[in-house]
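Next come two complexes built around subunit A: one with subunit B, the other with subunit C.
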Partner chain A sequence: MSQDWDTGRGSMGEYDRFRVVNRSRRRVDALKLALGKGTYTDDIAHTIDGLLHLKVLWSPHAHARIVSIDTSEAERVPGVVLILHHGNVPRVPYTTAGQGHPEPSPYDAYVFPRKVRYVGDRVACVAAESELAAARAVAKIKVEYEVLEPVFDPRRALEPGAPLVHDEEEATGICGYDKSRNLVCEMKVEHGDVDDAFARADVVLEREYEVPYQAQCPLEPHCALTWFDEDRRLVVRVATQVPFHSRRILARILGLPLHRIRVIKPRIGGGFGSKQEILLEDLPALVTLRTGRPARLFYTRQEELRSARTRHPQLLRWKTGANRDGTLVAQELEVLANTGAYGAHALTVQSCTAGKTLPLYVAEAYRFLMKTVYTNLPIAGAFRGYGGPQGFFAMECHMDEVASLLGMDPAEFRSKNLIGPGSENPLAKALGEGKEGPPQRIRSCEIQQCIARGKEAIGWERRGTFPQRGPLRRGIGMAALMHGSGIPGVDMASASIKLNDDGSFNLLVGATDIGTGSDTILSQIAAEALGVPLEKIVIYSSDTDITPFDKGAYASSTTYISGMSVKKACDKVVEQLKDAAWEMWQHAGDPCERSSLRHEDEHVRRPDGKALSYAEICLSTFYEHDQHQIMDHASHMSFECPPPFAAHFAEVEVDTETGGVKLLKYVAAVDCGVPIHPENCEGQNEGGAMTMMGYALSEDFVFDGGGALLNDTFRHYKQFTSLDMPPFETILCLSYEPSGPFGAKSVSEIPTDGPGPAIANAIADALGIRFRKLPITPEDIRRAWRERTEPAASAS
Partner chain B sequence: MSGVIDEVLRPADLAQALALLAEGGGRRRPIAGGTDLLVQAKEPGAPPRGLVDLWGLDELRGITAEPDRIVVGANTTMTEVLASELLRAEARCLWDGCYEAGSVQIRNRATLGGNAANASPAADSVLGLIALGAEARIASVRGERRLPVEELATAPRRTALAPDELILAFSFPRAGGRSAFARLGQRRAQAISKVSCAIHAQLDDQGCVQAARVAFGAVAPRVVRSPGAEAALRGHSLTDPSARAAAAVAARADTAPIDDLRSTRAYRSEMVGVLLTRLLVRLAGEA
Partner chain C sequence: MNVELTLNGEAVSWESEPHEFLTELLRRHGLIGTKRGCESGDCGACAVLLDGEEVPSCLVLAAQAHGHEVTTIEGLGSWERPHPIQEAFVDGTAVQCGYCTPGMVIAAKAYLDRKGGGPLSEREARELLAGHVCRCTGYVKPIAAVLRAAEALGDPRSAGEEERA
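Right, the complex of A and B next:
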């Protein structure tokens, strides 16, 4: 390990000097949201004259060729203006995945496919004067289908003779793409001599795990409004996490010059990855282009659940070699993932399944084998955690199983093998974003502190002491976690900032606040860097005409990447402020040393006590002397991807008679560097974990024999609600990340990695029964408990 | 294609409401809180319909204690049930059923009449009414009649009510005894029951069951009683383990659960026995 590697510990003293960051200030958008004044995408629809309403005809078949579409009767429905389908819309292969250019996802989607590939695929779209007229017309479109044999099982999809989901010539992909086998991508990564390491290990354990589909369920469904502005430029107001990618991809599929499109992101009611897609704005955009009229598309919850995006289901095989003293020797992970009908995010999500998990534990050798396949089921895509939750469920269950095999305490076993400050990530190069990734070395890392404090908070010493009788059994489980902060070498964000004559600043960022609080934390970072109160920052985020570029709200990148662009822009403006103050004093015949100037409390100060306020400087530079606008911009891209670390702990009570699991307590101890807004970090942990408690216990996709989703409403798709939440404790374990703004790393995705394994491990502790498939339902628990306790009864 | 509500009528009083239903010739439906109807209106294939809004009819609301009976108006919301000390003390199985149903928002709108008329096999408040031996007072322009609540639903979403009939109130005897309700759902709120059970038991001086009424939800096409379980308990102490076991076995024989989105036949069948046993333990004061 390199001795001069900056692990950030030397910078911890900066904590004491923070005035705005590392404080839980009122969110900059809190008041308007609390008053119901926050304006979301669709909130202005009623104010738009001549708005056309869109409804989509969805495929009722999992796999079918469209033989003909007859719209004659639908066109006669009063109020119908336009009907779009594959026969009258250009066929441009693209990916709906809202990623950087070139997108590392296959170009396998079309605005309207000629062949439908899942129940819920697009067939046609009606634009009409009212939603009702559009819906009536959709019901009158006559489609003749040649129904094809579907494939639902990802194992079957790879077999010779399996139905081919993408058998058309245009579809292209990368990384082993082979549509003649339904193969979307394939990876084989090795580090060290894996076979030799397994051969030398004292014990080898191999187990299989399975994780299901999951829906993001943002409270605000996907929606978009489009219109022509006075210059006949296309304005797209859309609930998106990626306004700049939306503009780029729209230009491509609409055949429109990019400068003729403006994408506006208003307030967003949550995305969780589902809005990292160019999911629906192409349809109203086409209608506006064809009719010249404003257009609106707003998904129902049923459309959201059937036809938006989901978390990739995976089958995972984990193999570990370890020595009797508890040292890990080799790790092997094989993943078979199901991307559904299209390959959005297929490569990168599955790559993260290994990239986020395997490096957490130091071993001599690693192997990662991955295949992702098409099936005729709903489309998977980006979902908060992005492959992490699938991998951590398998790995962290597996680590408990290995610890048990070795007779070790699971926490102790983990602590012994964890990555630490100065460690290199041996897999970083091989697991890049569709190409070789930059090397990674850990600087800030307080995972051991997370485990120690988490153990204390959950009462780890009680583990193994609970009574083993009666219908109610208690258990405690844990999981150790790491994630990333942005995509190294790819993600770029920019910000611009300008001074106003009262000493306030306009901060323009491409970063996309989708309810995450990024407008607040980016304002905090600006205020801290400039030495002004938070109220002096006026932030505006993501409008492709107005703000500079940002990759978008994904990959846990906003605090770390966008935050650093804000800090760099502000640092440059501080230098301009000092230059201007120095010049003002010079001009007034009262010179000083430029290098002696400091900035604080909205003033540039001299050692002799004299000071000029930012307002005085601005007024002078606007109107009196050396007139110019003090402003600057900065971009940031990082070759580093500092992982946040966490340890999650769950205590459960399992009712062995009903199979019900009651979460008694949940602890999330997290090292996210310096928390810019501690309360918001706690909120991120609670929300992220809550999403995944449902994944662990209550959420699943139930299909009928034809591949149609049956539980496609909130009546039957059961996320955790606030009433299901156990007492929840977030512990912020401070570290200082030298490459992040004011020491910060990411926090938003890591909490999604923990609940699956922590809860499964707690259940295993309570019952002595290991569940390797999510969700763990009362039906499963009851069946397993009967088999355990009444073998004769269950055999009969 | 979603259903279309093309007519909403707001009668000033009960007589007008009955007249409007009678004139509707079957295409008008009464609506109270709307927690079921408005969801169903969005379902594919739902027919266009007119609604007769009962929400403003206070004469259908309220909880009245008569010397021998308690009368609960059909428009009474679950929240109003929960606010009633009388029902909590004397109709615990009904009170608990309302406590476990839906969410705060749903309980503020959902009425007992609506829950019964919707004829869901999982209706949480109906179990308690059946266990209490409640009868429904039913009216139309043609006159009034009474029907035991257990005979109200005939199949999922089908009732013995004629299209022009309204439920006015539920009434049940103040017979004393003990009652309780329990359910299992996919989560703690806003989850339709996988299995539910209510029991009312009349005890003699020795603590033996003189009479019991046991109802189950979500394990048959409608909320059903278990005559077998009731017979197995009669004459036995609530603490008698063999009576409990016999009741559980009989209850499983009296119910016919299915596999569906929420659970499995096998699990439900097993939970019929588990829930009943737990309620017997609770009634005996052991838990």
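Right, the complex of A and C next:
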């Protein structure tokens, strides 16, 4: 560890001084929500007079050119007001990816395409007086299609002569775009002399892995309401993670000046990345613009599963060179990803697959090769973890395989090769957000502690001691993980804060609480910085007319980036409070040293014990002396992206007769810096991990031969339930991140990286069979077990 | 047609169409605590009590509620006096996005009422939440909240009146 590099260990004493952060306060919004009074997007629909309801006609074909659309019969359905389709809506290429400007995703989407590219693509949209009338009219729209040959297999998509998903003229930003291929983007990144390193390694192992589609499944479906305000500005109330990106992208699609649009984010019922997308608000917005009337679109669960966004399926090839003493020498990862019909987040998700994983272990040389292709299947996009879960499944399974090849304990093998405080990230530069990234060097890092404490909690020493007979087999597996905190050099957030005459503060943030608890976290940060109780902070978040800018709720950035903007704004207000108090004492003929003033317990205090409360200061500055509003604002952007670290452990019992896997226990030990709200951090771990237990064992997309999703209901898309969730232990391994607010770094995405590999490794430990494809289903297990135990039977 | 029911203890008489579901009827009248997550009976976000039994209101026609008692999340507790189950969810950080919370609270209420006191096992807590999809919490804290609520309700001293520690 280098001497002059602050790794946060010197600041650990701060813990004892915290009053509001690092405490599990009541979440500021929880009671409202538990009472059923939280107003989500759709919860005001019944109060809007003259509301038009929208229904979309979706493509029944995976690949087809629209020859004609006949809406005459549909228009005659009573209550129908407007029907939109490609013939009457301007064709503006854009990306639905809700990313910063300029979005590193291709402009390959249109409000209505002329060629449909998957089952569930938009064809037309009806606005009517009721949902029923709109649905009836949708059924009466006559569309003539010229059905084209589809392509479903990403390997096939790259072959010469494969059907072309995007052959239109207008699309831009398709990397290496050449019309003869379905290639969306590709990357080749190398560090060190890779071939030489592999040649010198004692052992080289190469394996292939495969991960499936996964649906985000926010419990609140996508929804948007639009109307004109009294100044005829367009108001968009939408379930979004990215209100400011929504406003910017809408302005482009609608051809409206940006200042004529106001985007409001109300309560959000979960997003998990699916709402980092300008998915549906363009349609009601167009209806309001054309009719002058308020409009509403609310996705059904089936629409949500078919036509929203998903996790990119990938084929991964991992190759490792290591020496007999257990030192890693070289790592190579090749990814072939399927982005489906459109390329939202295609480049950045896949670059994170390498960026989050490869640097975790120190090696002499690295190589990353990536191709992402279009197919005629559902659209992939942002999903909590953002490429990490795919990469960690491959890497952490692979590390177990390498350890076993070397005859080493998998935990020990990992510990020997992990990065630590002071380590440089050799790939940070090459794997930036669609451009060169800033260099990264690790400050806080307690991954070794995560592994040590996780091992103890799961009972790692029992691994390998379970009886190898009978139908039920036990195993224990682990995975080591890291993620990021924001997009360095890109993500910016801001906050403003003002003092009220009872000593309370209004905190305005662009940050978007989608259920993550960020309204609470940011209020805690403000309260801590100002020296007031949590109740004295009144937070209002994300309304493009009222709050300052924030990039949005994604990339694990809110606590780290938005939190720092809040802290900076509060620190400035503290200085103003001290100035005003000093001035008041001066004016009263009782002067003091400005530099001797402290702030604490809602007061500015002098060393001689005299104090002025924030309320007194505010009343004076409002009405009496040196009159002004005490208020300030601040922005924050970071070139650093401190990774949180974690070690996950799973214990399983596999029934070799049914193929069923029972999770007996799960442990997630995480270093997220200082947990601002420890119980909330636990909740993030529990929820993030649970989602990915489904990824490991039960969630998948099942298509019919024509590319239509068959399991498009909650009954058939199998998420984990309260009955499946195993006993779960979160261990918060404290560190202090010097570049974060009160030592915090991110926590929301890292738990999604672990369950895939930890569970697969536990199953491999239980059965001695390695599964390299998710989900690992009972059928897979039965088949593999039979092949192993009754080779003759399987051969016949 | 007219649907007459006892809603959260008060008699109401509302105009409805034969094809209208109870979720819609309630939400049209401002009872927005009853959520829509799937409208196919698979997620529990729309749960209400029909004569004290938990039902997914998205599968109950408004007309089927005619002459019955319906209790929604709004009928359980208030700002001034939240129900002990609501308190337990809030204090236990079991509310993340909160979209599933009303349904889970209703489920706990139905189960605990039916059981009429006595200790609740962890298994029972898991089972009563089994029809409720929550993508945020991983169920750990909701299960704990239900157990805490059962304890609070089972304790005659608290009976939902006192401040919880």
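The working rule: the second predicted complex is superposed on the first by the 789 of 796 C-alpha atoms of A that agree within 3 Å, B and C clash if a C-alpha of one lies under 4 Å from a C-alpha of the other, contacts with A are read in each partner's own complex, and residues count from 1 in each chain.
As a working rule, contacts are C-beta pairs under 8 Å (C-beta built on N, C-alpha and C of every residue); 3 or more make two chains touch, one makes a residue touch a chain.
Bear in mind that the values here come from a model prediction, so they are computed numbers and not experimental data.
A.B. asks: Counting only touches as set out at the top, which of subunit B and subunit C does A:S698 meet: first, second, both, neither?
C.D. replies: A:S698: touches subunit B, not subunit C.
A.B. asks: In the overlay, answer first, second, both or neither for which of subunit B and subunit C A:T721 touches.
C.D. replies: After superposition on chain A, A:T721 lies in contact with both partners, subunit B and subunit C.
A.B. asks: A:E686 contacts which: subunit B (first), subunit C (second), both, neither?
C.D. replies: second
A.B. asks: Which partner does A:E779 contact after superposing on A: first (subunit B), second (subunit C), both, neither?
C.D. replies: In the superposition, A:E779 touches subunit B alone.
A.B. asks: Quick check for you: in the superposed arrangement, does A:A135 touch first (subunit B), second (subunit C), both or neither?
C.D. replies: In the superposition, A:A135 contacts subunit B only.
A.B. asks: For A:G120, decide between first (touching subunit B), second (touching subunit C), both and neither.
C.D. replies: Neither subunit B nor subunit C is touched by A:G120.
A.B. asks: Quick one: subunit B or subunit C, who's touching more of subunit A?
C.D. replies: Counting contacted residues of subunit A, the larger count belongs to C.
A.B. asks: So in the superposed three-chain picture, is A:Y40 touching just subunit B, just subunit C, both, or none of them (first/second/both/neither)?
C.D. replies: Once the two structures are laid over each other on A, A:Y40 reaches subunit C alone.
A.B. asks: A:E657 in the overlay: touching subunit B, subunit C, both, or neither? Say first, second, both or neither.
C.D. replies: first
A.B. asks: Do subunit B and subunit C land on any of the same subunit A residues, and which?
C.D. replies: Touching subunit B and subunit C on subunit A: residues 132, 714-715, 721, 723.
A.B. asks: Tell me, which parts of subunit B touch subunit A in their complex?
C.D. replies: 1-2, 4, 39, 103, 184, 186-192, 261-264, 266-267, 270-271, 274, 278
A.B. asks: Can you tell me which positions in subunit C touch subunit A when the two form their complex?
C.D. replies: On the subunit C side, the touching residues are 19, 27-40, 42-43, 45, 72-74, 76-79, 82, 86, 89-102, 105, 125-127, 129-130, 132-143.
A.B. asks: Spell out the residues on subunit A that touch subunit C in their complex, using ranges where they run on.
C.D. replies: 24, 26-27, 29-40, 42-43, 45-47, 132, 216-221, 267-270, 272, 298, 300-301, 514-517, 677, 679-680, 682-683, 685-691, 713-715, 719, 721-723, 725, 728
A.B. asks: For a test of understanding, state which residues of subunit A touch subunit B in their complex under the given definition.
C.D. replies: Checking each residue of subunit A against subunit B gives 132, 135-136, 139, 657-660, 694, 698, 702, 710-711, 714-716, 718, 720-721, 723-724, 778-779, 782-783.
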